[in-house]
Structure formats: C-alpha cells, structure tokens
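Below, each structure is written out as structure tokens.
What follows is chain A paired twice: with chain B in the first complex and chain C in the second.
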Partner chain A sequence: MIFSSIYFIFIFLPIVLLLYFLVPPIFKNTVLFISSIFFYAWGEPIYIVLMLFSIAFNFMMGVDIDNHREDKHYQKLNLIFTIIVDLFVLGFFKYYGFLLDTVNQLLHTNISYKQLALPIGISFYTFQTLSYVIDVYWGKVKAQRNIINFGLYVSMFPQLIAGPIVKYIDIEKQLKNRKITIVTIGQGMEYFIKGLAKKVLLANNIGALATEISSLSASNTSSLTAVLGVVAYSMQIYFDFSGYSDMAIGLGKMFGFTFMKNFDYPYVSKSITEFWRRWHISLGSWFREYVYIPLGGNRVGTKKHIRNIFIVWFATGLWHGASWNFVLWGLFFGVLLLFEKYFFLEKLQNLPSIVAHIYTLVCVNISWIFFQNTSLGQVGHVFKMLFGMGNGFVDIRTLYYIKTNFLLFLLCFLCCSPFLYRIFKKITVKNQYIGLIINIGLFIISAAYLVYDTYNPFLYFRF
Partner chain B sequence: MKKKKKSLLFFRNMAIVFVLIIFILTILNLLKKDQSFSESENRMLAEKPKFSVERLIQGKYTDNFETYINDQFIFRDLFVKIKTTTDYLLGKREENHVFLGKKGYLIENFTEPSSENMEANEKAILSFAKEQSEIKQYMLLSPTAISILDDYLPLFAKGNDQRGAITGFQTALEGSQIEMIDVEEALIENKEKGVFYKTDHHWTTFGAYTAFEEAAKVMNLQTETISYEANVVTYDFQGTLSAKSGFRTNEKEKMEVYLPKSGGVSYVVNYVEEQEKTTTLYNIEKLKVRDKYAMFLDGNHSQIKIQTTSESGERLLIFKDSYANSFIQFLLPYYREIVIVDPRYYYGDIRELIEEEQISQILYLYNANTFFEDNTLRTVIGS
Partner chain C sequence: MDRKMTILKILMICFLFGFLFYLNAKDNTADKSVSEIAEQLEKGKNVNTLVKGDANSLKRYYNLNANDYDGFALWTSENPMDVDEMIVIKAKSDEQVDDLEDSIETRIKTQKQNFEGYGAEQTALLEDSIVDIKGKYVFFAVSQNASSWETIFLKSIKR
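Moving on to the complex of A and B:
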C-alpha cells in the first residue's frame, strides 16, 4: 500500500484512526501493529511471512542477548549470528540476482536463476532490526520484552516502506508512552499534506518530464534538453523521497510518534559534506553509527580513514540498489567527501556562497546521472547528449519543454529552499484561515491527481 | 506568547478540518452507488472485484480493489476536471499524446513505428501485390491532423514525423503493382474548411470527400455526373480525443452526411458475420450514444459486402481502418460490388474471398496513425 493513494487516505487511514482512538490505551499498540501487518500484506501477500519471521527472530535474539549480560562471549556470538541471518535474508532477496550476474560476467559462466521479486521495504526494516540488536548488544537499550511493541517498532506502517530509518533507541520510550492531543494531530496532518503535495503535484509531474526526456532518441535531444532532463530528475527524486518522508513523519505524529526529520532542504547546501547532513539523514546517521564509527571513523590514521570512507560509501551505494551504477554513485560521493575533507572544504567556505552552491548542485546533479542509469552505456549516452552530440545545443523541443514546464520548474526551485515555507508560516500566524485554505486547496488538488491516476510510482520503493 | 497560541489554534483547526473532510468523503463514498460507465471518459468503470484467496495471494485482488476505489470515487468527474485544469494552469498543452491546439483543435500525436513493424508490413504488401498482379491495386495512406494541421499545434510543439514515415513507405512501394493516392496536398489546401474534426481523430465527411476527389483521379473514376449535398445529422458530436485528453470535454461539433443530389445508386449492405442486411450505410441509432462516428457503416465489422445498381462491372476489395467508413459512400456509383475487410477482426481466407467475389480492384484505405501501428493486415494477406 502507498500513502499517496485514494484507498489509503480515504479507507485505510480513517479506519485505523477510528480504531486507534476508540480502543483503551493497552490495546493501542496492538491496533497499530495489526494495521501495519495489514498494510504490508496488502502489497505483499507472500512476503509478509518474511517480515513476520524477521520480527520473531530479532525479538528472540534481542531478548537472548539481553539475558546474557554477564557472558560477553555468548553475546558476541549471538550478535554475529543475528547480523549474519539478517544480512543474509536481505542479501538473498535483494542481491542474489545481481551477485550471479556479476559472477557470470567475471567468470564467463552462465548460471541461470529465477529472478525473485524484491520484498518492499526490506532494506528499511532490516536496517531497523540491525540497529536494535546492535544497540542491545552495546547495552544502550534493554531488549523489548513485549513482542507487540517490538513488532510495532519494526513494522509501523508510517515508516515501514520508505523510512525514515528509525533507531530503536529513539523510539523506545514512545512505544510505551506517548501524548496525543488535537494539536499533534493537526501538526501531523500538516506534515502529511505537505508531503502529499510534494509527491503528487511536484515529483510526479516533473518526473513525467524526466522520463520523457530520458526516452528521447539522440537525434531529438539537444544539450539543453539533456540538462532539463537531469535537473527534472533531481527535482523528482528529491520531492518524491522527501515528500514520502514528510508523510511518514506526519502519520507518525498522528499516532503520537515523533520521528526525526529525514531531509533538511538538501539543495541549499554549499558543499557535499553539508549535502549529506541534509539528505536522507536517517540513512547517513545509521551508517555513521553502526559502520563508520565502529571502524574508527576519522579518529584513525589517514589510510584507515580513507578505507572507512570507501567502505561506508560503497555500502551506501549498494544499499540503494542491486546494480553497479549505485555503487559508482556512492563511491562518487565518497571521493568528493575525501577531497573536501583533505583539500578544499576550507577554501570552499571562503568562496562566495553562490560559487560553493553551484559547485554542490553540479556535483549532485551529476551524481543523479549515475543513480538513474543502470548501465555505463546509458550513462555515457547522457553525457554525450549533455555535450551537444545529440541535436546541437538547443532545439525547438527544448523551447517546448521550457514553455510547458516553466511554472512547474519555478515551483520546484522555490520549494527547494525553506523560503516558501517560512512565508507560509508568517501568513498563517497573521491569518490562520489563509493557511487553512491553502492546505485544503493543496489537499483537494492532490486528491484530484490521485483520483485521475491510479499509477503512481515511488522511486525509493524497491529498497 | 500570542504567536504560540495562534499557532496552537491553527493546528487545532487543521486537525478538525481534515478529520472532517476525510470522514465526510469516506462516508459519502460508502453511501454512493457504483457507476458502470463514464460518459466523459467514454469507458467502463471498474466494478467491485470478487474476492478469492488465490487472487489475494497473487496480488490481483488488491490491484483490482485499488482501481475500483479510484474509478468509483465520489465526484470523480469533478476531480478529473480539477486535475486537467491544474495541468493547464501549469502550462501543460499535451495530455496522453493529444495536443491542445489552436482554433479549438485537439491533435493526436503520431507514434514512431518500429522498423521491424514497418518492414514486415512492406514485405507483406509487396508480396501480396505481386501475387495478385492481375488485379488493379491502390493505396490511400492519409496523413492525420498532426501533419496537416501542424501550424495549429501549441507554441514550440512538434509532432513526431508522420510525413517522413508516409514518404518512406510510399518509396518502398515504388515500382510495385500498387498505385499510391497522395491526399496530403488536397487536405492542406482545404484545411481551413475543416477537413478534420476538432475533438476526434477522424477526418470529417468533407475531409473524406476531399480525399476522394484525389482518389478519383488516380483510380480513373468519372466524377462530373455525380454531385453531393451536405446534410448535418447532429450538432452534438463529442469525439474520442476530448475523452482521451480531458481537454475541451464540453465541446460539441457537427457531423455531416453527404447525400447524392444526382447520379447516385441504390445499394444493399450485407454485414456478413452478423448476417444482417440493410439498405443504408448509416446507423442512425448510433447518433444517440457518445460514439457517433460509428453511425458510418455501424462502426467496424470484420466483413461487409455492398451490392449496388451501378452499371460498372468492377468489384472492389477494401482493406481499411475506420477512416474508410465515411469515405466508402463516394465509391458506390463506380462498383457493382464493394467488399470491405477490416483485418483487425477478419479471420477468413482472403484469397478464397477474392476468387469467390471476382474482385477486380483492391484499395488499401488507412490513416497513418493506425496503419503504422497495425500488425493484423500482414497476417490476413500473408501466405
């Protein structure tokens, strides 16, 4: 099930809200847990079993590790076993085809395999169970002894499919104790509507342009058209993913949960270092906490530091997809981050901010070319088009795209910075009715697009 | 602290307003009866899917349910209108491959054909032409509005190259037994008089007549003794393109029938598969439904035989798409019999048919949009 759909907003959500508020407090978590199972099973009637297994397994292992506080050795073995099983499940369902393809290419073999469908959300919930079990091992938290609460943590429908990746430690207290007032519900609604509008009005529409441009033949692609295509894609992926995260945070809030924000206007960044503090914050935070810092982070010698960066960014890239272009994407950032750290971050900060800004955006946009195109051939094609080897520098199609998408691009650019939202807040304080009307308008228009279009792809879906 | 209080008040009102909106719409949806057909979209709406454990596991039940909820959502037409209006305000002038053109014209874009399809069609037609070399063969491949009305496209818009595809095909057929009928010039000359419908992908009856005059030159048909009079049969025609694009959904236009003033013939129309005979080319009943173009020859049938009182001994076989339906009437005076085959629905033996009916001429009558996507003609004429 996806948030940006009629059946979610007008059937699933009202029913769950109603049930949640009607049942006595001891049953509230159960209601949420069962709704989340239903939510997941709706889209994955078979793989629900896998998720339930993951819940049961990690629950038992967490309790077991916690029960053996005196036996470090036992704890460590258990932890390693748990990590291996969790990663094996993730690896098997997500990467086994990729692994066999690579082996076939390298060894010139022809091992055939049946392609498995990827279970939705597996990358997200696996990382959550890993964070839990590692934190229990480190003694940061006590194991959760109530399987409903634990199941809820893993499968909670607001963040199950596409994040943010919630660390157990951030949510432990909220599982037992959370305060819901009419104000928090309103705040949740506002977040949800903001996310919905980002996804349905901005991402889907600019995404249609990105898709169209990427399917043009070389003879129809001028250099400027190619640029429009790349920029359109960066807009799409940002509003798609951050919109979904906003909806997740908003829905969490409606049930009393506070998740940390996952995006902080990343496209205003003035360096790649800053960009990764603002983009997909929960993932960066996860890798820092559970991979980078345990490996020593940057508190080791330069050689080891570089090694650590490479490991983290290799993994970050690979997490995004079972294909080498994603690894290339990750390593591209790894290299840039190293360059910034060791060479020019200070110089960057001394440059006029517009230059730093342009440098960052150019790098980020280039990175999306690696992200969007799975084969090196396709990547090469895009670069060829960008350098005018298609249909010259500008053609009539470019003008057509600019003319028919001008307002849309303008809206996208404005929404990349907190500027528009701050104005909205000021207006709301002066006259809240205008704020209400704007939200109602956004909601109705978003609903209109949803009614019109049952096909509504979300880019980070298959992760 | 007033700011904070105002902020709290705002969120409180947000909660109340949206809980109300969602719940009211949900209740209205539950109370609303299901609709089976959408007039504005011109298609059947999804109905409540049947539940079965098997379908649930396959994911089919949930997919069907999602479509059902969307199709039956209350105020659906209003929401669709909001969506297309917002698109328009944002600058969109093209929806579902249909451009919103000038002078009220909706213009459907041309889909670039795959070269495999092109070559397969060329091969089939050339080889069939050689096989039937005693029979006179003609081809009328009509450009559509995307070529003829290209100056009516929105600013900077450019359609895909339909002209190039047509020229390429005509070149491939050069030197063969097939004589090409080129109607492009004639259509362009007359475009201001309305050769295409504004909301539909077909040519108007006037457009069909303009094309016929060109065909008559190539096929050696004497047109001096025959004249026609245009009669409007409806002013309420709403074409396929407004449904497909969501643009101009309230636009209505006129549809005409050309009746012979002099030199006409009598005829009997035999719908072979349905085993029905009538004495008119027109099914007036279709004027009561949305798809009014189907009035011409009752839409698309696999095989139609028309016997006329013409003194000519010629018998014509036509392979066609729906463009031919409003064109065929102009051919009646010149043929004793006209056999019309729509390859999309025909499963008979075409060679047997040609022999039985003693066909003396063959005409391929298509519009470029349909022709280049077609893969049924070659299975009918292939060996």
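Moving on to the complex of A and C:
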C-alpha cells in the first residue's frame, strides 16, 4: 500500500483516523500499532513475520541491556550480539546476492543462490532498531518496557517504509503523551497534501520524461537531451522522496507525532557540505551519530579523518543499494566533501552565490548519473552522450522536449526553492480561506491524477 | 533470569534461521503458462518493435528444441544490427534450468563476438543483459528496456 493511492487516501486512512480518535487515549498506541502491521502486511504478507521478529528481538535486547547497567562487559557483548543479528538480517536480504555476484566475478566461480525479494522498508526499520539499542547501551534512553509502544516506534506506518529514520530518543516522550489538536491535524493535512502534490504532480510527470530519455539509444540522444534527462531525474528523485517524507511527517502530525524534517530545499545549497545538511537529513544524522562520531569524527588526525569520511560514505552508498554504482555514488560525495573541507570550502563561500550554486548543482546532477544507472556500462553510456558522442550537441528531439516540458521544468525549479511556499504562507497568514482553497484544489487535482495513473511507486521503496 | 534470557535468545535465533530456511526452500512462483506470461510481456515498452520467434528461431539462436520444454516465448530484433532480444522459457525439471542458463550464456557470448570491435553500443547492452531464474522459469532480456521487461515478468509469475 502506498500513500499516493486512492485506496490509502480514501479508505485506509479515514478508517484508521476514525478508530484512532474514537478510542480512549490508553488504546491509541494499540490501534496505531495494529493499523501499521495491517498496512505492512497488505504489501508484504510473508515479511510481516520478519518485522515482528525484529520488534520482539530488539525489544528483548533493549530490556536486557538496560537491566544490566552495572555489568558493562555484559552490556557490550549483548549490544554487539544485537547489532550482528540486525545487520545479518539486513545483509541477508539486501547484500547476499551482491556479495556472491562480486565473488563470482572476481574469482571466476559460479556459486548460485536464490534471490529473495527485498522486504520493503528493511533498511529504514533496521536503522531505527539499531539506533534504539545503541542509545539504550549509551544510557541516553531507558529501555521501552511496553512492547506495544516499542512495536509502534518500529512499525509506525507513516515512516515505516521510506523514512524519515526516527531516533527513539526523539519520539520517546511522544509515545507516552502527545497533544492532538485541530491545529495539529490541520497542519498534518497541509503537509500531507503538499507531499502528495510533489509526488503526483511533479515527480511522476518529470519522471515520465526522465524515463523516456533514459530509454533512448545513444544514436538518438544529443548532449542537451542527455542533460535534460539528468536534470529531469534529479527533479524526480527530489520530489518523489521529499514528497513521501512530507506525507510521512503530515500523517505523523495527524496522529500527534512530530517527526524531524527530512529535506530542507537541498537544491539551493552552495556547497556539497551544505547539500548533505539539507538532503535526507535523518540518514545523514544517523550515520554521523552512530558511525562517524564513534570513529572519532574530525577530532582525530588527518589520515584517520579521511578514513572516517570514506567509511561513512562507503556505507551511505551501500545503504542505498546492493550495487557498485551506489558505492561509487557515496564515495563521489566523500571525495567532494574532503576536497571542500581541506581545500576550498572557504573559497567557495567567498565566491558569488551563483557560482557556488552552479558548482553544487553540477556535482549533484553528476552524482545522480551513478545513482540512476545500475551498471558502470550504463554510466559510461550517459557520460558519452553528455559529451556529444551520441547525436551531437542538440537535435530536434531536444527542442521538442524543451517545448513540451517548459512549464513543468519551470514549476519544478520554482518548487526546488522556498520561494513559492513563502508566498503561500504570506497569503494564508492574511487570509486562511485562500490557503484552504489552495490546499483543497491541490488535493483534488492530485486525486484526479491518481485515478488516472494507478501505479506510481516511490523510488526510495527499493531501499 | 539470565538463564531464561539466554534460552530466549537461542530460541529467537533458531526461529530466525528457521524462517530464513523456509523462505529459501519455498517456491514463490505461481504455475502460469508461458503464453499467459508472454501476453503480459507483450505490453512492455517497445516489445512491439521486436519479432516473435518460433521453434526454428529457438533452435537457431539457442540450440534448444521447443518440444523439450514446457513452453517458450522469444522475441528478437528485425534489424540485424540491433541486439534487442527477450526470451521466457519454462523448464520441465530443475535439471533443465541449468542447461537453459548455459544456452543463454552461449548466446550472449556469440552475440558479443559478433559485435566485437565495431558495435560498442550493442556490446554495452549485452554486458547489461538480464538473466533471471525463478523456479522453473528462465528469463533473458537484452535491451535498454530490459529492466522494465524483467519487472513485468516477475509480476506475472508472482503467486
């Protein structure tokens, strides 16, 4: 089940909201937990067992580690045990085939394996359970003693499948006590509609162009067409993922939860350093807190700092997918961040904003080439077309794409910055009814698109 | 208390491995005929630009006899300079699956040799070709659209 579907918006969500608001506060978590299990089981009837195992196992280990505060050795052993089991499950489903393919390629062997389908959301909920158990070990939080509350933290349907990755410490108090008012429900609905519009109106439409251009042969693709394809994909992935995150945050608000912002207009960044403070914030924060800082962060010598950066970005790339192109994508950013840190971040900040913006956007768009194409052959293919080795610099197809998608590109560029949203906020402060009309209008148009286009999964579901 | 906890941990790990073993052993494919799968694949992007092959084509390109298998569907390019191709074949036994895999590997090798030195684009497509084995179904595709065709194939055989 996906958020941008008629079934979810008009059947599942209203029923869950109704039940949630009808039951007394003591049962709200139970209703939400059962709804979340149903939501997950709808798409993954077998893998619900895996999620329930993850909940039971991490709940048990959290309590066990918390019960042995006086025995550091016992705590450490059990933390390591928990991390190994959690990462083993993630590795088994996500990286087993990749590992064997790599071994087969390097050693010219032919070890066969059965490729199992990847359980949806496993990367997200595994990172959540890891953050919980590590925080319990560090003494930042006390273990959750109510398995329903813990199960809700892991499986809450707004953020289960594609984030944001919620740290237990950020939600602990809200699990016990949260305020739900008509204002928070309204804010939640506005966030949800904004996310839905981003996904359905922007991501899906610009994504159709990106898909069309990516399926052209080299002999039919000029440089400028290839550039349009890359830019279209960068728009698609931003609006797709940030749209989903907005919907998740909006749904959370409707149930009284406040999740952290996951995107902060990343395409207005003036450096890669800034970009990664604005893009997939919850993932960057997770890696910083549980990998980068424990390794020493930047408080070590230069060699160790470089090592730490490469470990984090290798892992970030690998988290996104079991394929070498994702690893290259991650390391590409690692290298850029190191260059900025040691050579030219200060100089970049002194340059005119437009230059810094262009530098950042060029680097980010190049990175999406690695992200979109699963084989290095395909990556090379795209770069050849970008450098005119396809069908020259510009052709009639380029002009056709620009002419037919000009307004869409313009709208996407405007929505990449806070410009339109600030205007919307100014209007709604003066007259809330105009804001209401705009939101209802967006919702109706998005719903109309959903009726027409029933299959529109999220790109980040594959993680 | 600690002993109980240790037993619980062992039980959980046993459960986990049992579940993983079950997933590996279970057959996730529905028993569909190749013609049903082919009907779905024909809706794939640009499949209508390919030519549907017959038993002679299967013999010619893969050195396989159609009667030995439980159905097949083959599409090839009309233009000899294109390498776009797709095949779905249903084996009658697990042993046949390995042989089918070998036939496909041979086909890929032959095509690469045919285009070596002058067909960089074709060679790149062959490098990125997709071979997928699900139960008794063997799927192979070479094309810019291979990934989307594979998705259709996987959906069509899902139980």
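FYI, the second predicted complex is superposed on the first by the 463 of 463 C-alpha atoms of A that agree within 3 Å, B and C clash if a C-alpha of one lies under 4 Å from a C-alpha of the other, contacts with A are read in each partner's own complex, and residues count from 1 in each chain.
Basically, contacts are C-beta pairs under 8 Å (C-beta built on N, C-alpha and C of every residue); 3 or more make two chains touch, one makes a residue touch a chain.
These numbers were taken from a predicted model, which means no experiment stands behind them.
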Combined model on chain A where chain B meets chain C, clash or fit: clash
Touching partner for A:Val451 - first (chain B), second (chain C), both, neither: first
Which of chain B and chain C A:Phe57 touches, first, second, both or neither: second
Touching partner for A:Leu107 - first (chain B), second (chain C), both, neither: neither
Chain B versus chain C as contact partner of A:Ile46, first or second or both or neither: both
Per-residue contact with chain A, leading partner among chain C and chain B: B
Contacts of A:Gln378 with chain B and chain C, given as first, second, both or neither: second
Partner chain in contact with A:Gln187 - chain B first, chain C second, else both or neither: first
Which of chain B and chain C A:Arg397 touches, first, second, both or neither: first
Partner chain(s) touched by A:Asn405 [first = chain B, second = chain C, both, neither]: first
Footprint overlap on chain A, comparing chain B with chain C: 46
Residues of chain B that touch chain A when the two form their complex: 3, 6-19, 21-23, 25-26, 29, 56-59, 62, 65-67, 69-70, 73, 76, 79-80, 82-84, 86-87, 89-94, 154-158
Footprint of chain B on chain A - complex, ascending: 5-7, 9-11, 13-14, 17, 42-43, 45-46, 182-187, 189-190, 193, 201, 205, 396-397, 399-400, 403-408, 428-429, 432, 435-436, 439-440, 443-445, 447-454
Chain A-touching residues of chain C, taken from the complex the two chains share: 5, 8-9, 12-13, 15-16, 19-20, 23-24, 28, 45-46, 121, 124, 127-128, 144-145, 147
Residue ranges of chain A touching chain C (in the complex, touch as defined): 46, 49-50, 53, 56-57, 60, 64, 81, 85, 89, 92, 114, 116-117, 214-219, 374-375, 377-378, 380-381
